[in-house]
Each structure stands twice: as structure tokens, then as C-alpha cells.
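In the two complexes below, subunit A is the common chain; its partner is subunit B in one and subunit C in the other.
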Partner chain A sequence: MMIIAQIILTIFLPLLMIGIIRKLKALFQNRTGPNLFQPYFNLFKLLKKNQVISQDSSFVFIISPIISLGLVIFLSFLLPWLPFNKAVFESNIFLVVYLLALLRFLTIISAIDTGSPFSSFSTSKEVTFAVLLEPAVILSFLALAIFYKNTNLFYIFSSNQTVTLNQIPVFILFAMSLFLTSIVEFSRAPVDDPNTHLELTMIHEAMILENSGLNLAIVEYTYSLKLLLFLFLMSSALAHCLLIWWHLSVFAMTCLTVFIVFLLLILLSFIEVFTVKLSFNKIPNFIAYALTFSFLAVFSAIVNRS
Partner chain B sequence: MTINHVNIQIENLGNELKKLLKQPNKRLGLLTSIDGSQLITLVLNTDSHSVDVINSDLLDKNSYSSLSASIPQAHWFERTLYEMFGVFPKHHPRLKSVIFNDSNNLILPPLANKTIIRDVNQVDTSFINIEAENVYIVPVGPVHAGIIEPGHFRITCVGETIINLEIRLGFLHRGVEKQMTKIPYAKTSYLASSIASDTSIANSLANAIAIEQLLNIDVSERTLYLRTLALELERLSMHINDLSGMCTDIAYSALAMELARLRGIVFNMADNLTGSRYFRYFIGPGGVRKDCDKNLIVIKKLLKELKNKLFKILFHILNNFSFTQRLDNIGKLSRSLANDFNMVGVVARASGIQYDTRSIFNQGIYPQGIFKIAKENNGDVLGRTKVRIVEIFNSFEILENVLDNIKSGDAKVDLNHKLSPNSFGVGIVESFRGELIHLIVTDNSGFIKRYSIKDPSFNNWTGLAIACRNNLLSDFPICNKSFGLSYSGHDL
Partner chain C sequence: MNIIDFFSLTGSCFAILMLGSVSIRLNLWLYAIQTFFMALSTLSESFKFSNSELAIISLVIIIIKAFFIPIFLNFVIEKIKVKSDSGLIFPVPIGMHLGILFLGFSNLFTLEILKSLPEIHHSGNITAGISLLFTGMLFMLLRKIAVSQIIGFLTLENGIFLLGVSITHSMPLIIDLGVMLDILVAIMICGLFIFKISSSFEHIDVTQLNELTES
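Let's turn to the complex of A and B:
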């Protein structure tokens, strides 16, 4: 039963979330904005379209978005992003972190494969940021593992845990680090502008410039599902802190998690509308903030560990 | 405006011109030819509000010794001269193609009076090629990822730093200057109005001023007021548009959307004033084509509404630290380089050159002292943005003044059928980009023999190439936007 609910959410929620972000951004800009379900319409439109594949590309270009999608779906079973999802597979933080790295590797080789100068150009930027970002991701997950002396994420997030005041800073710092990380990871403002199509500044958009039709549909769905997982994980971490005061039922926890995700979406779109994009050489500084929060999470985990 | 005619021998032209341009009050306006057998140099005197037209006949067959080595302002003019007239400047530092980059179009110059076949070996359509380790070249355009005009940028980079930028234009060459000589003078105004859509008013105003000089007529005072109104509204509209584009490029979408929305109010004012939301065909020789008293009240109301909303946003921009920080110190163009390459308009004023043709040449009602010329000294992207903002404030002041003091009367004068023969008409207008010059030369029977147009972009494209050096590649779109240049105005 629970697993069916999870699968349904995995299928329908990601694109709705993208729709919500666009709608919120439009509202912040005094516009009416597109329909909430516009991303679904776009997806169906893309599915109906033909694919244009560069003659210079190999099978890697076609196959890597599909593998990426498979990996993200696999990831959705590895991460405790919903309060009710149960461990289908043995979940380990290192597995999660390196699956993310593998995912990025697939995106990169798919972008380089076409030989488009803009793709390879932004790929090199993406890799630069990825190298800086990876320690932040690893350390933030590691903080949780240190605190619980366990690398199983389902054990860490299980609601049967006795929750003490000590864990609050660890979870909050973990969520903050993850939020900053995901801004870079998902190429949102102020690091990259998802709306821009300026050849020389876009990072994420340039990497998927050559994709079209079904291929692009898969890439966009993968992107939104990954964003969904990250946001729900942050939200679960924050919701988990509240277990000290109230012991909530699974249903209430789910509602709370969804509500926190909505707040995070508001925050994300607010930042996107009201901040100026950073200069390219200032982005490492931004990543340094994420890394700082990860370090703080690790320190507080070490100090508060019972 | 008075026109002084001077004759200078072609071999002395370089020295004389260099001496002239050393003086602080002289500027090189235009360097062109009528039919390929002479050089016409326009020197603007900013102190005496007059124009010197220097005529130098070419003695040698279609060639002369180049001026660019001693007068850098002339380099782009000479390149165009060679393409359009086949006049070969000897020892030009780099005689690269400007308009005809396609090898099929290389040989025959379109504006020369006789068939001249250019030597294929002298025609250069190459790019500067820098070969070294870690140097790579990014070609951008002419088809861009957005709805903008075509232009090709070849950017040579080391890592993220631009070391050289070369700009290739000419994709929009439509033969405007030649077409102008083939149609009756009364119709040139319509063509002038559409050569660059965003400079519609300024172009038709420059055309009208030049034609009126050739007809020896004075326009009524009401006409001057209405023209000022239109010119300033166009400036307002385009400055808001440029600021909005600036915000889009740095992903500040909140302001970008708001400014784009407010620009709609300017369009409504334009609709009320000219009958067209894009200022089309409003100004013609002898007056304006539409005059409606009732609408001025509507314009006044809209102006007040716009002022309330816009000023709030502009002050917000000026006080927003993240905005100013992002634009500070990028795309720098030093004052001396801006002087050497004859920058005009917003770009010149941001680099500390106090030059605004509105205060020098008659083009409407601009009483001295009504506005202070906006000036910044840093010459960076922030400087150009600030100059635009101050000019918006100035435009509001001028518009309010004009609307308060507008005279009643006729806004149209009857025109003669013939232009005066063998004469020069010069129209100089400060468009929102800068100094715009229309030069009309008539033949024995009063027909237009040569119509030369110098868009401000013609000067400023070189400035962009210089300003981008040593900047980050990802900052190039911002630098480009801050110059806000026209492709169609340059290509003609």
C-alpha cells in the first residue's frame, strides 16, 4: 500500500513541483504565470516530437539519459524522503553520494558526446563546481552518520528513534547545507539562471542543448525528480526535529513534510526572483558556504553524540 | 546650424585633420565620399555649434594614403569607404571587411560612380587568429539563442578570460543609402523612419532637419515642441528597455519584468502622440504628421503615472548593493580610448566625455541649462547603467517642461518641390544611443545625389570590442547589453 503511494507520488509530484516553482516566480514578478500543469503539457509535447540527434554523437548520448532516469528512480527507493517509505533496498549514505556522482558523470558524458562547443564549454564549468561541491554533500550526509553511528539512512530517519534536543542542530545544519548544495546542483539562481538561454552564461541549459524530443523529456523529468528528492529530504530532516515535542502519526508527518517542501519552494523561487546572479568567479565562494554548513554539521554531530 | 565649406588637398588632409581634432571642441563626425572621387569629412565644432565640411578631391586613381594610423577615429570609416566606393586607403593598419564578408560580394563597390573592381588579394575577410597553448576560440552567432538581430562575435579566450573579441557585422545590409537616392525626397522620411526600428524618431528627425536645411525653411515652434516630446519619449522607452535587458542578463527577473511592464506605458504615450506604439512615421520634413491637442492631456496623465512607479524602481536599482556590486568594474572603457575611437552617446558619457548633441545642435526645444549632462567617470557597465538612469530622470524633466510650455499653432509647413541644388544638408540628432548624423548632398538639378547615415552604433562597436578584453567570458552578455548597440543601424 505504502509502496504504491510512493510510486504514484514519484510519478506525479516532480513536474507539479516545477509547475509550482514557475507559478510562484510569476506571482513574485506580478505576472499571472503559466498553468500549474504546464510542465506535464510540455512533457507530452516533447514525447510526441521527433528526436534530432547529432551525427557526431554515439550511443552514449541516447542511452545516458535513460540510465540517469533509472538511477534517480533507484535513488528514490534509497532515500527516506517520505515518512512512510520503507527500505526496499539496503540504504547506505555512501551509496547515495556516489550514485549522485555517477548521475553527474552520465550527464557530463552525454553533454560532451555531441561535440557541441557550448555543451563541452559549460560541462567544464559544471565539473569545476561539482569538484568543489562534492565534499559538501559527503560531509553533510556524514554528519548524520556520525551522530547515529550508522550509515543506514532509513535507520537515521526512522520515527521510532528516540529524539533528543541534541540532534536539532545536526538536522538543521544538514538541511541548510543540502539547500545551498541543491542551488548549485540544480543550477538555480544565484548560481545559474534556469530561464536564460544566453550562450555564454548558461550552465545547465547548455548541457542539455542538444537533447530533443523523448530524450529531452527524460532529462527534464530526471531533473525534476532529483530536485524533488533533495527537497523532500531537507524537509524530512526539518520535520524530524519536531518529533521532540510532538509525536506525530505517519499521515501527519507526511502532511508536515509536504508543507515544509512548499515553504522551501517559496524560498527557492523568492531567491530566484530577487537575487542578482553571481559573477562566475564568485560561485566558489557560494559553494564555500555550503561546505561551511557541512563542517558545522559534522562538528555538532561529534560534539552532541551521546 | 551653419555649414562651413573647406577645401583641403588630399595629401594634407591627414595632418590638417589631426591638428583640428587635437582641439578639445572639435570632433570627427563623418568621413565618407559622394561618388568615390573625393573624400568628405565632417568636423563638428561643439563650441560654435557649426559643422565644417571638408572636401578633398582624390588625385590618385581611387587611392590615398590612409588616415587611420594618425587618426584612429577614421579606421572604421575608411574600411567602409573601401567597401562602398572602392577607395583604397594605402597603409591602413587593418583593412578588414565591414559589410561584405561573403566572398561573392567582395569585388564590386556598390556606391562608386564607375565600375571599380577591387583587387581580391587586397580584400581581407579574416579573423585575428591567436594560436597558443590554452587559447581557445568561441564563435557566437550570427544566429543567437533569442530574438535579437544577427551579429557574429569571435571570442578568443584563455580560461574564462577574454583576450580578444572580434565583431563581424553586415548581415543586415539592405542598401539603404543607395535606395535613399532613388526615391523622391519627400519619401525619404518614411524610409529613414524604418532603417532601425528602435531609432525611428531620431532617424526621421535627422532626415527632417537635413531636408529642411536643403529647402531653406524654418519649422514652427509647436513642431519643435512636438518633436522634442517624441524624441524624449523614444529615449525613455529605449532606456527602460535597456535597463530591463540588463536585469534579465543578470537574472534579476523581478525588476526585468517590472520595467518591461512599465515600458508599456511609454508605448501608450507614443500611441497617443504619434498614432503608433512604435513611433512610426511621426516626423516628416516641415513638421509632424499628427497633431492632436486632446491627447497631450492624456500623455501628461500617463507621464505622471509612469513617474510615480518608475522612480521608485530606479532608486531601488541605484541602492541595491548586489546589483551595483555585480556590474562594478566590468567592461571598462578608459576615457582616452573612448576619445581615440570617437565614442558617442551613453558610452562616451559613462567614460567621462561630456558630449551630448542636444546641448549643441538644434533638434528641438532644449534650452540651455534645463538638463545637466549625465556623466560617470569609471567607464564600466555600472557607469553606463547609471548614465541611463540619470538620463531617464532628465527626460522626465524635459518632458514635463515641454508639456507645460507647449505653444499652440500649426505644426506643418508647406514644402517646395525642389531641394536647393549642389548643397549639403546635415541633420545631427542625439538618439538614445548617441550622436546620429544624416548627410544629404544634392546634384545640379536638386535631386539627392548622396545620402549618408552615421548611426551611433557605427562608432561604438569598436568600443565594445575593446571594453570586453580581460573580462570574464560569462560577463560578455552584460558588457554587450550595457553598450546596447544596433545591428541594423550599423549595417544599413
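Let's turn to the complex of A and C:
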């Protein structure tokens, strides 16, 4: 029963979230904005269209979006992003980190494979940021592992843990580090503007410039599913902090998690409206903050560990 | 960890974030938040030991150091039209990571101190105090503009206060109030000096203040 609910959420929620971000952004700018379900219509439109594949590209270009979709769906069973999902597989922090790295590798290799100069250019940017970002992701997950002396994520996020004041800094700093990481990882506002179509400055959009039809649909769905996983992980970490005051049932925890995700989406779209894109040489400074929060998370985990 | 350590360590985390930003106004905000958390930690300590003097001191800290001094320094930087600072020796984010390194060191120092003082239970408070000392010194070393030197000095003073409170539990009220007034007067005199320096030299870059002769 639980697993069916999880699968239904995995299928329907990601694109709705992209729709919510666009709608909120439009509302902040006093526009009416597109329909909430516009990403679904776009997906169906893309599914009907023909695929145009560059003559220079090899089988890697066709196969890597499919593999990365499979990996993200696998990740959705590995991460405890909903309070009620049970461990189908043995979930390990290092497995999650390496799968994320593999996912990035697949995106990069399919972007390079087309031979388009714009994709290669933005791929080099993506790799530069990925190198700086990787320690932040690893350390923030590692902080949780250090605190609980366990690398199983389902054990860490299980709701029958007793939460004391010791856990709260670790979880909050984990969520903050993951939030800043996800801004860079998903090319959101201060790092990259998802709306621009200026090939020289954009990062994520330029990497998928050559994809079309079914290929593009798969890539966009993968992107939004990954965003969903990250946001829900953050919000379940934040919701975990509230267990110190109230002991909530699983249903209440789920509602709380969804509510915090909505708040995070408001924050994301707020940042997107009210900030300008950082210049390229300022982005490492931005990433340094994600690294700082993960360092602080590790510090508080070491200090508070029983 | 109890609520006292939680507040003081949160304050020291905000101080470390201060090392990473170059905007002076943001630094003032972070200083105010850090002082506020320090005062909250003192306030909860006063509730724990039912010590009314500490409560009075924490309220005075909130009024003077968390509200008045940041507002006054904000007024100063608006007058002299300085907005941002630049890192001096290291790039700015590296300074922030250095601050975290010193936070780790101060935790080790705390463990050494607690060996000789077994009656103290709040190790987080002492860690935060030593780390604020280091952070203030780093901030003074790594910044160019004179206003930043003042903010660094105030952070250092926060660290001294926190360390004093956590080791002695309470100093006489009159001493703490005297220190607070000294700080207030010192900051106002520093503000006047900065006005004067910026009007006669047209900059407040401390690296260039060594050359006092006009060539």
C-alpha cells in the first residue's frame, strides 16, 4: 500500500513541482503565469514529436538519458524522502553519493557526445562546479552518518528515533547545505537562470541543447524527479527536527513534509525573482557557503555524538 | 547538549559566516544576530542558576550591543559611503573555512580546559567563547576597512564575555556594566575617528594608514 502511494507520488509529483515553481515566480512578478499542469502538456507534446539526432553522435547520446532515468528511479527507492517509505534495498550513504556522481557523469558524457560547441562549453562549466560541490554533498551526508554511527539512511531518518537537542543542529545544517547544493546542482537562480536562452551563459539548458522529442522528455523528467528527491530529503530533515516537541503520526509527518516542500519552493522562486545571476567567477564563493554549512554539520555531529 | 550551549554555538556559527561576507552591512547584521544569540545563552544561564544579575546583564547586552552599536555603525558607514570590504591575505571563503578550523581547535582546547576544571558542565559555551576570540582576531587580520576592524574587535569582546560568564558563572553587576559602557564609549570614539580619517585621507584603508606623511 505504502509502496503504491510512493510510486504514484514519484510519477505525478515532479512535473507538478516544476509547474508550482513557474506559477509562484509568475505570481511574484504580477503575471498570471502558465497553467499549473503546463509541464505535463509539454511532456506529452514532446512525446509526440520526432527525434532529431545529430549524425556525429553515437549510441551514448540515445542511451544515457534512459540510464540516468533508471538511476534516478533507483535513487527514489534508496532515499528516505517520504516518512512512510520503507527500505526496499539496503540504502547506504556512499551508494547514494556515488550514484549522484554517476548521474552527473552520464549527463556530461551525453552532452559531449553531440559535439556541439555550446554543450561542450557548458559541460566544462558544469564539471568545474561539480568538483567544488562534491565535497559539500559528501560531507553533509557524512555528518549524519558520523552522528548516528550508521550509514543506512533509512535508519537515520526513521521516525521512531528519539530526537534530542543534539540532533537538531546536524539536521538543520544538513538541510541548509543540501539547499545551497541543490541551487547549484539544478542550475537555479543565483548560479544560472533557467529562463535565459543565451547559450554562452546558461549551464544546464545548454547541455541539453541537442536533445529533442522523446530524449528531451526523458531528460526533463529526470531533472524534475531529482529536484523532487532533493527537496523532499531537505524537508524530511527539517520535519525531523520538530519531533523534539511533538510525536506525530506518519500521516501528519507526510503532510508536514509536503508543507515544508511547498515553503522551500516558495523560497526557491523568491530567490529566482529577486536576485540576479552571479558572474562566473563569483560562483565558487557561493559554493563555499554550501561547503561551510557541511563543515559545520560535521563539526556539530562530532561534538554532539554520544 | 543543552539550550545554553545551543544558543552560544549558534552565535559562533553566525560569527563564522561573518568571515565569509564582504558586505559591511551584512556583517553588521550578522554581528547583531550573533550578539543576540549570546545574550539569549546568558539569559537561559541566568534562569538555570536563578541569577538575576546575569538576566539584567543579558538585557543590557541586547539593548546596547545587539541594537544600538550596529545601528550606530550603520549610520557611520552610510555617512562615509563605504559599502564593501575586500579580503586581505586569503580569498574571502578560505577565511571562512579557516574559522571553522579554529572552531575545531577551540573544541580541543575546551577538552583540555575541562580536565582541570571538572565543576563546569557547559563545554559548548567555552568552545563558543574561544572560537569567537579566534574569529574576531581572524576578522581583524583579514579585512582592509577600519569599520571591519571595529566589528572584529566587538566579536572578540563577545568571546571574552562569553568565556568569562561560562567559567565564573557571574561577575559582579557593576563590573559588567562598566565594561559595557567602556565598549559603548570606545565604539563612539572609533566612529568619530573614522569620520575624521575618511574626511582627511579620503579612504579608511588600514593597509595604507602606515604612511602618514603626504608625499
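Here, the second predicted complex is superposed on the first by the 306 of 306 C-alpha atoms of A that agree within 3 Å, B and C clash if a C-alpha of one lies under 4 Å from a C-alpha of the other, contacts with A are read in each partner's own complex, and residues count from 1 in each chain.
What we mean here is this: a residue touches a chain if its C-beta (ideal position, glycine included) is under 8 Å from a C-beta of that chain, and two chains touch if they have at least 3 such contacts.
This structure is a prediction, so every number in the text was calculated from the model and none was measured.
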Broader residue contact with subunit A after superposition on the shared chain, subunit B or subunit C: B
Partner chain(s) touched by A:98 [first = subunit B, second = subunit C, both, neither]: neither
Partner chain(s) touched by A:277 [first = subunit B, second = subunit C, both, neither]: first
Which of subunit B and subunit C A:303 touches, first, second, both or neither: second
In the complex with subunit A, residue positions of subunit C that touch it: 1-3, 6, 9-10, 13, 16-17, 20, 91-94, 96-97, 100, 103-104, 107, 124, 127
Residues on subunit A engaged by subunit B in the complex (per definition of touch): 25, 28-31, 117, 121, 189-190, 193, 195-201, 272-281
Subunit A-facing residues of subunit B, complex: 138-140, 144-146, 155, 160, 248-254, 257-258, 261, 320, 322-323, 325-326, 330, 472-477
Touching residues on subunit A, where the partner in the complex is subunit C: 164-166, 168-169, 284-285, 288-289, 291-292, 295-296, 299-300, 303-304
